[in-house]
Amino acid sequence: MTDLSGAPLGPHDDDKPHEECGVFGIWNAQDAGAMTALGLHALQHRGQEATGIVSFSETGPEARFHTHKGLGLVGDVFGDARIMASLPGTAAVGHNRYATTGATLIRNVQPLYAEFEFGGLAVGHNGNLTNATNLRRALVRRGCIFQSTTDSEVFIHLIAISLYTNVVDRLIDAVKQVIGAYSLVVLSRESLIGVRDPLGVRPLILGRIPHPDGQVGPNNSKEAWVLASETCALDIVGAEFVRDVEPGEIVIVDNDGVRSIKPFGDRRGRFCVFEYIYFARPDSVLDGYGVYEARKRIGAELARENPIEADVIVPVPDSGVPSAMGYANESGIPFELGIIRNHYVGRTFIEPTDQIRHLGVKLKHSANKAMIEGKRVILVDDSIVRGTTSRKIVEMVRAAGAREVHMRISSPPTTHSCFYGIDTPERGKLLAANHDTEEMARLIGADSLAFISLDGLYRALGHKEGRDAGKPFYCDACFTGDYPISLVDLDEDSRARPDLLTGAH
Amino acid sequence: MTDLSGAPLGPHDDDKPHEECGVFGIWNAQDAGAMTALGLHALQHRGQEATGIVSFSETGPEARFHTHKGLGLVGDVFGDARIMASLPGTAAVGHNRYATTGATLIRNVQPLYAEFEFGGLAVGHNGNLTNATNLRRALVRRGCIFQSTTDSEVFIHLIAISLYTNVVDRLIDAVKQVIGAYSLVVLSRESLIGVRDPLGVRPLILGRIPHPDGQVGPNNSKEAWVLASETCALDIVGAEFVRDVEPGEIVIVDNDGVRSIKPFGDRRGRFCVFEYIYFARPDSVLDGYGVYEARKRIGAELARENPIEADVIVPVPDSGVPSAMGYANESGIPFELGIIRNHYVGRTFIEPTDQIRHLGVKLKHSANKAMIEGKRVILVDDSIVRGTTSRKIVEMVRAAGAREVHMRISSPPTTHSCFYGIDTPERGKLLAANHDTEEMARLIGADSLAFISLDGLYRALGHKEGRDAGKPFYCDACFTGDYPISLVDLDEDSRARPDLLTGAH
Amino acid sequence: MTDLSGAPLGPHDDDKPHEECGVFGIWNAQDAGAMTALGLHALQHRGQEATGIVSFSETGPEARFHTHKGLGLVGDVFGDARIMASLPGTAAVGHNRYATTGATLIRNVQPLYAEFEFGGLAVGHNGNLTNATNLRRALVRRGCIFQSTTDSEVFIHLIAISLYTNVVDRLIDAVKQVIGAYSLVVLSRESLIGVRDPLGVRPLILGRIPHPDGQVGPNNSKEAWVLASETCALDIVGAEFVRDVEPGEIVIVDNDGVRSIKPFGDRRGRFCVFEYIYFARPDSVLDGYGVYEARKRIGAELARENPIEADVIVPVPDSGVPSAMGYANESGIPFELGIIRNHYVGRTFIEPTDQIRHLGVKLKHSANKAMIEGKRVILVDDSIVRGTTSRKIVEMVRAAGAREVHMRISSPPTTHSCFYGIDTPERGKLLAANHDTEEMARLIGADSLAFISLDGLYRALGHKEGRDAGKPFYCDACFTGDYPISLVDLDEDSRARPDLLTGAH
Amino acid sequence: MTDLSGAPLGPHDDDKPHEECGVFGIWNAQDAGAMTALGLHALQHRGQEATGIVSFSETGPEARFHTHKGLGLVGDVFGDARIMASLPGTAAVGHNRYATTGATLIRNVQPLYAEFEFGGLAVGHNGNLTNATNLRRALVRRGCIFQSTTDSEVFIHLIAISLYTNVVDRLIDAVKQVIGAYSLVVLSRESLIGVRDPLGVRPLILGRIPHPDGQVGPNNSKEAWVLASETCALDIVGAEFVRDVEPGEIVIVDNDGVRSIKPFGDRRGRFCVFEYIYFARPDSVLDGYGVYEARKRIGAELARENPIEADVIVPVPDSGVPSAMGYANESGIPFELGIIRNHYVGRTFIEPTDQIRHLGVKLKHSANKAMIEGKRVILVDDSIVRGTTSRKIVEMVRAAGAREVHMRISSPPTTHSCFYGIDTPERGKLLAANHDTEEMARLIGADSLAFISLDGLYRALGHKEGRDAGKPFYCDACFTGDYPISLVDLDEDSRARPDLLTGAH
């Protein structure tokens, strides 16, 4: 029996999988530090707990790296002009971090930076390594001293101890030893490097800023180059989309332009399907497919698969809005903003006393009674993880006078945890891992509950035949348990809790 | 010629009129301080710069008032359990404040509190007095020493020097001397008092929390009472709506229940119409009329008055969404989220250097290219103040590939400043005060521009005959220049800048 | 039986009477704000909890007052160049504050500033009013609203409500209503004013900075003028001593020079004798008598009155050093630094856990064993208040191996509380108020204990006949109970605790 | 020509050599963290810029290390009971740090802590390595990643990469590779270890806390053990002095008691003579010789070597006091506190504007005019480094009216920089390195100047024959240039500035 009560009211209690970090890098641009801050701002949805930038300035008294990191939003950490002035140079990398509270130590905030024999190097990592505990143990045995508790730091040490001479060879040496999901941005004195794991689970794209009128940029070159987790970070810095970095590809940007290395050969990837469903910003284009459009189509497919009579379609804001619109268009039932989201939540939540906790206070959502009272309501949301939020939302909608409440979910049931960079609870806490749909409906208090099917999801994303079980196009392990990358640390000792490692980057 | 360039990128540069403060008060409730924090959270949209609570505890070592104030969001200021524990008692008043940066001194943060001969008194004020400078000068001459630079402090001194004995008589004495717009919540040892100015320009409502099963509350009474700026603050504390406080009414809540005094007799009010258009939260009900519904009707009326052929209706988020939905429903043109709003803006903005300022960086909005490219777009927004934001939005939508951009505004042209509690720029900076619609269209770069008519606005709000110029139902001075309350300080010396007073509360 | 155990280990647990504030003012000087910061630094021994400066600049966009206050040392509060730049002008007043912790609210930090009909006024107060509660009650009844909980604020309100026109007349009006001990520095737009109460209990001196080579200063005058609590504040700003402000005198410094008013006529004063014993800095000259010299003579007199055989004279640092030197010179017994003081105590103390509290940890003092072991030690200290520190010191010296420990005190027994600006505990806690010398010796654990006699003290200060009981030269109420200023608030209701008023300024 | 003007007014502008760090460790004590805070407080004079503690708790959910570090005084960093509660356990090490401002990064604050294959290890270091740059370069080449810019971190990496199995063997391996001056306290899970370099340049002593009545302590053992830089840290925690750790000795404290290893065999040391002159606290006993007594004897020897007729002996406080007393006793000239030191300097200094800089403001010292005016004054100080402070002091004493000013210095001329853990300026800035005594007298403005001779210093310290040039007893390189430990980094490239390394620990 799943206990849905007593969930804490915290900033991350919205019962969603949590992203997972965003990365950004830029080469050959004036004000590279400020450009990176803007790019990170556009990627803020991928991580709000901490952020950092490392820039490199070639000129001045001495060429060197500059770092600033902090806990909080990009605007708060980099909002001070003096801080931006402390990040000079024409190249920079940056990172947004999501992390569970306890581990948000400043020394864990990325990009990680270290000085090597060949000079300084900064690394920003989105993803999660599945053999980090193993590697770390071996490195410590060898005499490496870790500064942080992040799995990302193994990259740094593998590069440091590599016997190869130059940065790129050392980096290849390193990525050949790690197993997991990773999109990296790496900054050395000579180059900006982007790396995507062999299956390309996490996104990484390449963009370009042409210099106006063919003018020459700071490094005698005509264009600046950008690496970013999503295309939405290109628009804000005036860059144009060039292409996705490919699975297993290393892209090297230096003053001679862009080179590509594929140390793992050509690979078919397994991009994370949840990026379409929930993580990515609606205006991003992933793998050639627009996220907003994708969500509307998923909503339409959901309506086709799971129709029901009702008076009004109400999205659970904000992520449920496009799929609810798709559902409404397909079903012909009116779309109304029946739930209002309060965006002014602040960094800390008001902790209700026991006395008023029973009020079931909802700090983020409130019901727009006029749109709900006396009506048959279809709520559209993107996922059910623990189910606690869904239960509260249904309760709130009923309290506002809904006659019926039907829940429609724009993803298949989330039955498995993610080990590739998404913060999900362990399986035992996933509602869908322990209950069938009917039980789930009862537990969240809905009159009916339905999920899009796995094939329906693939169809909505343009794969007309649905999912090809033999060689699935996406990583969909959270819905299927089909983990495309081996879970080394976990398999080796499934009882061990990887305490040294935080889950997501 | 209006200069639309060079507007600063600041947290309040969204070129909107700015609210203006929210008030909340509660009587006879366990955890009155925490309840007030929740109420203020629900009213956060009315003021984000500062917030404060004064509670009164009758029990304990000694009956006394407790205060905590701070700059920032309610969740940040009251998010610490120790702070909430420092606000014990069964009665409290609270205040959210909007203020231009310079004047956000902590001593200006409300509720204001003072100790009088009869005991302590806390006052929270939403509105603006038009004779505050005059009154202040007279009070200083008499020997009163002001602690703050707010106009609200005159209430405190008028109460202090009143020759009447009890609090209510002193308060009546005070409100008879002030001229302006004001909704007050006042807390003394014996009562919670709500006051609305004779024209009821700013909102104030009364709510009630019935004790479960008729149980008796802390003060041997069966119910708790709530005063708040908007109904959305009732839901979050589990209160039910009782009625609007009437124009010119003083409502006194004490352990005997609720009393009403009308020192100005019965009056017809002139409620602020802009509350419907922009300020109030969509799920609030003002004067019996739901805000979300009102906005959709305004959008529909706007579509009827100003139709144009187009491919897509795009709201300027977030406030333009309901009217855009109304416009879309009426016009039959598809509604799409063609502009994405970034809600993670943080407390401080990234200040772009001059180098990248020309990028026209938009930190709050980004275009959802896929919905815009190659299309004829109708943008729906609620108002144009300086026009700077509108110009940037149009520019952004064009840059995303729109074939045509038509702007539709769900309010009449804003031609006059507000002196009743809304922070608007002086007339010289109001685009509509200096240009006709055609010029405005050109200045913001739109292919066409149209506003809802004044009569259309009244019709959408249920006044079928439109505006009755002889006795208009609302205060619509910002559109008409018809100021229902005399502008004493301004008239007396129109050249003087009321430097001592901050504009809005 | 007096309980000497369990005294808290806090920054002010040194069991001394506590000063009591220092004031400083300057007129007609470049960088008046910085000069005042220096003067306050030299007066830091008179109050370390908080400090503030109000400056007045006549030039610039508008003539106006500038304020900065903070908790902590002068160097910490005014150590930032940007803060000093925010205090421009050629005139300033400043204040150092001692206060018991709870009441160190920033709004209590002086100088107090208010805007009156005639303009701004800043007031810094050293001393304590004995009818402040009475006056405050009357002022509140009249409608005055107090901002702080200090007795000093009554000056501000009495000036505000005075019917006289100019500042000086209003000030005279105010000081005629207050009863107590006070040295004031007052800054208006037109003048710097110094005031000393009719008995001149607290010190105040006048100094002058001649402009080099007769050059003309900022206000077309040839010299700058300084008011300060002690002469040590003159040296640091390059000023020369002019004279003591006289008891009951008002000194007005403006651009025409210096004027004097004596609203109470000519008076013989009763200067605080404890200033010589403990409060004043050794290099200050009070009333024409050098403090260091005075202490040495007191020590010599103490030796004559209370000789005993011993091996070594050890001062309790730092205040006991000069009197120990005098004692040593007179007795011929060697003087050694047998107790070392740790000056790096920081703002907060390490709170020992219960486990180690029994160690009797002494954070401020340590025994210099080599000078003590096996010896007969005479400890010289300046006073015994509660006796807790004396007991610990004796214990420490014994633990270091002293064969005998004799305590000699350079003041008579402290038997009464001070109500004139010195923070002393209530009588019940004064060791000498409840025990004879023999009992006291036993309680502090000394082999013998002796105090200088009252007559001896007067003789050491140059009054050869000792104390003239008919018209004593000093205020020595703490030794005699002979209170020269009536204790109005206390007499009226001796049971009332003056909670609204902090004790010392 | 030496420029004595324009020296900055900063907290460390007292023109003294700067210590240099203090270390403390404790084993088998309740509240080991709090005991360490107390010990560090007693060692505060050895470093005021930063402080840190690492404790180890064996019990609780899991045995582990706890760290807290901060910038500032011990009382400020560890004054919060919650912080102390976060340092549980029965063993701890701590460190006080002096550092030049720029490098006071929190990651440089010691003890340094790292996790190794064998578990965690914390290291606190007092001293300076002379081959750190060389070692660091080699370690980086091997793939070690440095976290800090301190030379102390090489210990950590040498231990990490050692091929030996246990901590002690690894530590021996490490100290055999480093060259320099170092006293270390090291904490592992199994033991507390003290290490002193082969010449014992920096002090380190062993103490013991017997458990009361033979009770058994936390680890079934009867006593707690303490390591500390000076004996003054024993008194505060109730420990008794056992012995000095010997040059080149490693002392291992574990639950079986105390063991000693001498990896370098038996060695005669070269203890730093400046510890007697200036650094150590007067109540400490170094190498069996009391510091206070030593200073008095040095003063007496100075008087014998350099007599002159005068009216008064005035110490430059605080360090000059004991030697001035010795000088006065020997010469028969009266000793007076003619210079008063202001101890309330705060963390930041008031920065004087240019306008008042010419005042020659002395924030730390003021002249006690009454003791100086018209007199022939002998000033006694402990050293002259740059000479800037001496010049100001002489100037101040002259301004106070001294007829003659003679300066006597209780150390030989400081002609060489220290590379063993004392922060001295480079040779070019040492006044005595560039001028003879007569010139120095002229530059500082004294009527005469004399230093104690090198032989006189040795005599005063009990070496009747003076200094044995063949095998000197102390390290006196700063007076002689006779550097007993090779200066590897410096010799290798005497032009290189060791930028990566901060000078002192």
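Here the chain labels run A, B, C and D in written order, and each chain numbers its own residues starting at 1.
By our rule, a residue touches a chain if its C-beta (ideal position, glycine included) is under 8 Å from a C-beta of that chain, and two chains touch if they have at least 3 such contacts.
Here's who's who by UniProt: A, B, C, D = Amidophosphoribosyltransferase.
All values derive from a computational prediction rather than experimental measurement.
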| item | value |
| --- | --- |
| Label of the chain whose CA centroid is most distant from the centroid of chain A | C |
| Centre-of-Cα separation between chain B and chain A, whole angstrom | 36 |
| Chain centre separation in whole Å, for chain C relative to chain A (CA means) | 62 |
| Multi-partner residues of chain A (each touching 2 or more other chains) | none |
| All chain pairs that touch each other | A-B, A-D, B-C, C-D |
| Contact set on chain A toward chain B in their complex | 30-31, 34-35, 37-38, 41-42, 44-45, 48, 72-76, 78-81, 84, 232, 235-238, 281-283, 285, 290, 292-293, 318, 321-322, 325, 335, 337, 340, 342-353, 355-356, 359, 361-363, 366-371 |
| Interface residues, chain C side, partner chain B - complex | 107, 114-117, 140-147, 156-157, 160-162 |
